[in-house]
Amino acid sequence: MVFVTVAIDSAILAGNPLGDPARRRIGVYLPPGYEHGTQRYPVAYVLVGFNSRGTMLMNESPWDENIAQRMDRLIASGAVQPMILVMPDCLTRYGGSQYINSSAIGHYEDHLLQELVPLIDNSYRTIAQRDYRAVVGKSSGGYGAVMLAMRQPQVFGLAASHSGDLYFELCYKPAFIACVRELQRRDGDLAGFLRDIHMIRPRDAASHTLLNTIAMASCYSPNPASPHGFDLPFDLHTGEIIDAVWQRWLQWDPVHLVGQHAEALQSLKLLFIDAGRRDEFNLQFGARIFCEKLKQHGIAHVHEEFDDGHLNIPYRYDVSLQRISEAMGRL
Amino acid sequence: MVFVTVAIDSAILAGNPLGDPARRRIGVYLPPGYEHGTQRYPVAYVLVGFNSRGTMLMNESPWDENIAQRMDRLIASGAVQPMILVMPDCLTRYGGSQYINSSAIGHYEDHLLQELVPLIDNSYRTIAQRDYRAVVGKSSGGYGAVMLAMRQPQVFGLAASHSGDLYFELCYKPAFIACVRELQRRDGDLAGFLRDIHMIRPRDAASHTLLNTIAMASCYSPNPASPHGFDLPFDLHTGEIIDAVWQRWLQWDPVHLVGQHAEALQSLKLLFIDAGRRDEFNLQFGARIFCEKLKQHGIAHVHEEFDDGHLNIPYRYDVSLQRISEAMGRL
Amino acid sequence: MVFVTVAIDSAILAGNPLGDPARRRIGVYLPPGYEHGTQRYPVAYVLVGFNSRGTMLMNESPWDENIAQRMDRLIASGAVQPMILVMPDCLTRYGGSQYINSSAIGHYEDHLLQELVPLIDNSYRTIAQRDYRAVVGKSSGGYGAVMLAMRQPQVFGLAASHSGDLYFELCYKPAFIACVRELQRRDGDLAGFLRDIHMIRPRDAASHTLLNTIAMASCYSPNPASPHGFDLPFDLHTGEIIDAVWQRWLQWDPVHLVGQHAEALQSLKLLFIDAGRRDEFNLQFGARIFCEKLKQHGIAHVHEEFDDGHLNIPYRYDVSLQRISEAMGRL
Amino acid sequence: MVFVTVAIDSAILAGNPLGDPARRRIGVYLPPGYEHGTQRYPVAYVLVGFNSRGTMLMNESPWDENIAQRMDRLIASGAVQPMILVMPDCLTRYGGSQYINSSAIGHYEDHLLQELVPLIDNSYRTIAQRDYRAVVGKSSGGYGAVMLAMRQPQVFGLAASHSGDLYFELCYKPAFIACVRELQRRDGDLAGFLRDIHMIRPRDAASHTLLNTIAMASCYSPNPASPHGFDLPFDLHTGEIIDAVWQRWLQWDPVHLVGQHAEALQSLKLLFIDAGRRDEFNLQFGARIFCEKLKQHGIAHVHEEFDDGHLNIPYRYDVSLQRISEAMGRL
């Protein structure tokens, strides 16, 4: 096994509004045999969830493999063909970028498409074709995988989402009133919260929920004219939904985008969607709704549910990586 | 103190779709001096919340007064002038009627207006004028008070809502996904749940939430063509909101009705709205939103928040009854 | 059906340390036929739980019968023979007395034995023999039933406990640290809490837990030399269990008293113990432990578990009243 | 910064009853300047909590430093003098060893004392004296630090516990009944749970609690004659505490061991104890009780509380490492 971290100096992320670094460390897994061979390999981009960087997929845990150990095992057993895995870093000060472009956070989709993919194809012996380039992710990373598949089918020919953010009505909206309460507990000091965001103690569920909602607002309803660069979709005093802002969020909800991107989705060699039946963020329902829309548009896909929640489910990568490998066909 | 229960045989409720009784026992509180005098008195109709009948306001509790003891004390202290209180019974098999007309439940608004008010005015020495007829309630009863004030200003000249159902987006919608989960746990057997509704054990939070949502659907989205007489505003499998049904609910949400009933609301001698700052059903936010709309339409009102939750707050009747008494003016 | 309330002026409760009333209203249910006959009837004393008075068994609820309606139905169906029910009032300022004697609260066991039972036997056509006098209760009332059966077998020949307080290690001790937290949140102001005990808002779970623990300390570890008349079994700052006090509690735990009262228990015509399998206070475990001890001492008993929690289970009285009736034998 | 992992083949752990590996990877942090100098350095052994290995202190997290970055910063700022950090691996199949010897798990205390400390002193330029050898840890690691300081004062002259397991009555016992419930949900199949321990899905709070309790029983009440090598301190059916087993646990509770090890504790150059005021496992109370006992025995110590819970508190190492450095005195 070879795992390397590659530094990339992003011109696109340079000067981003949150002051996040333009230099990122990208994790790259190279399959056994890569070093002493000349063969070209398929690539899967692995997108991590909220509050994570790609290299965290290499973290040690007591009982689970890291991504490289997992991939070594899958390749050794023959379940997955040798592939390169790439682990981007799209973490931001607010916890994430959803892998999209936003005036409030930075142009992370552009960074991936225009900078990272070319760098990888230039640096490693990839098969630089969409049919051998997959994108897979979990949670916010699952969202990213679905969005990239819809918007960039010329780049990614296969996509897999584990417990991805789908159907914002159920995965985000229920948290809004908790944010109103938390902000009122903080005397409405949103500016202070944003300033001290990583010093805040305790980092409890309420502050995490607020942070997550702020991150999503930065992604889905950025507004350069707004004091903090984004609009919140609810009134801070009454909790009333501000429909004009909420509609901007919905334009980023994959369940509403299927029709618009049907052709792209039909062109995929694999579209894999799963979620746990006990997902704490209702994402199994989002997955069901999304797959209903896929069916309505005649888009082939694989839909699975498993008996678990949202957390501690890296074992699901076994399923997606095998599906990806099979859909590419053995080389 | 005199508290009497009066039987009323309702022609309007007879043959109602849920098989609920047409004979109802109405609680009536008569002020000290009523029995041996000839004076006429103002009347306040007190509407109870979900899963209650008016006569339950006379239940004994370890530390609180019942409604008659409360009223005796308020009158004795001079805080409230002598008044008659009337406690309707609009309980249904599903737990409530919201004091409105519905093809799925029965015509409870009509029952109140066409049967109960005349009966009371005929049976007791009331001042049978809208300026001396108030409606006050808590929770679903607060909702009823607001609706009757908007829709029947010729009957009720004063209204007070304690923690009333306002802004359905926050007080009902968050429960929908819990209903989906609960129904799936019951193998989707909605018919069985409806059939056994009062035999179900344990009566836990999940089954209560489902019952409450069913009751509200029966009130807000009845549908004689539907198998159970009502439409649910969400898909039982995917949890997706069914917008056409949800829009029917919103036509019953007071926060969206202010403009339409502005004249009625302006005509009130009192419009009192409160909620606890810790309300478990977000009703303090609904109250704020409703009062914002009142302000926008130049409608006079009193808005209070108190430091408590949704339950065990009968002491708030002290405030509303006093406000009602003052607004009527001493006779 | 005849339900009467009887006032009793208790000499034993007069001047009790909490200033609770010496005059109590006792609920008495008389079976159909009582008024116009001369027959004598068996009696069951029904002991209510924490924060209740006996007369609250007559409260109206949306779907359940009150105790008199329940008894009428059971008698009419032949399931239960005609019996008198007596509903004592042993409520105190702290929420309860556990039906025992305590220097901190009053001598409630004495009140029952020396005042109430004689009054009932003198006032009503009872069969004034222990084999026709049962005691049944729920929660703290179940505890009372078990204790009276053990300590006063010459008075009560049958006992039934629904979800009674058994095994203090699991039903009380887990709450102690919550009390420490709650008192620290209140700046350690125990005196203030005791003074304002029924004004406290919100009456949330934490304040209820504290109240309950104070009541139990007043019952199980009274101490006239202590500032408030009782000792708490834990340190208010560190939370450490004060073993000397805790041992005094355990002397009141039925699971430790079986051996000492084995003869009394063996003499009972019925000993019925149940609890819900989902009891929120672990009382199903206490019931199992108690019944194990009964078995070890060769004491006949009936042990049932049902699929419900601790609350809203008045339907269990159907089972105990029928068992009591059968054990007495038809007259 | 230099961070190395050192393999150790433990003769003591070889053939341990759980089949855990005898070869362990130990993390070692070497301070700036170590590589090109000849100086000797103090050493701090850093003990991780339940379900962790020492090398996990190097895991990447979105906002926190890993232990080496933290130490580099503290040394660079002058807050801490250059020191070596050693991160043992005492993880077991059940999630931990508490750093003690147990017939059910293995002899981890012996491993540390007889194998690891000598290896480190032989392999690195340490000051191999107890006054320059500290032990610090968090949670179960805090427990380990306190126990090693009490039992091995000739080896460790300084000890710091962050949120360490103290006062088993509050940190372990409240979980027992949850274990009974969880095992009953699993049809009492303890053998199956132990066999599949790391396959179990979902890994929810209930299964984690059961695992944790099993691990502690393996540490505190091992029993070679018992089917699984340990005794549980409660009855699996009734939940009754088995006092004989519980007393064996208490012999491992530091709050009961202070008197017995007073001399060792008095000899320490530093004894630092902290916990968060919101600790989810009540460990702030354990810390208070332990420090009370220290006071009673005239043992110098530092006691701090901070405004946080049990998780995500690596920033507390800043405080302990600085205290350790100061107590050693600048070299």
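So that you can tell them apart, the chains are marked A, B, C and D in the order they are listed, and the count of residues begins at 1 in each.
Just so it is clear, a contact is a pair of C-beta atoms (placed from the backbone, for glycine too) under 8 Å apart; a residue touches a chain by one contact, two chains touch by 3 or more.
Predicted, not measured: the structure shown is a model, and the values here were computed from it.
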{"item": "Contact distance in steps, from chain B to chain D", "value": "2"}
{"item": "Both-way neighbours, i.e. chains that touch chain B and touch chain A", "value": "none"}
{"item": "Equivalent-chain rotation between chain D and chain C, CA atoms, steps of 5 degrees", "value": "180"}
{"item": "Intercentroid distance (Cα basis), chain D paired with chain C, Å", "value": "46"}
{"item": "Inter-centroid spacing, chain C versus chain B (mean Cα positions, whole Å)", "value": "36"}
{"item": "Where chain A and chain C are represented by their mean Cα positions, the distance between them in whole Å", "value": "58"}
{"item": "Multi-partner residues of chain C (each touching 2 or more other chains)", "value": "none"}
{"item": "Which pairs of chains touch, using the document's own definition", "value": "A-B, A-D, B-C, C-D"}
{"item": "Chain A-touching residues of chain B, taken from the complex the two chains share", "value": "167, 169-170, 174, 177, 180, 237-241, 282, 285, 288-289, 292"}
{"item": "Complex contacts: residues of chain C adjacent to chain B", "value": "51-53, 55-56, 58-63, 91, 95, 198, 201-204, 276, 278, 307-309, 312"}
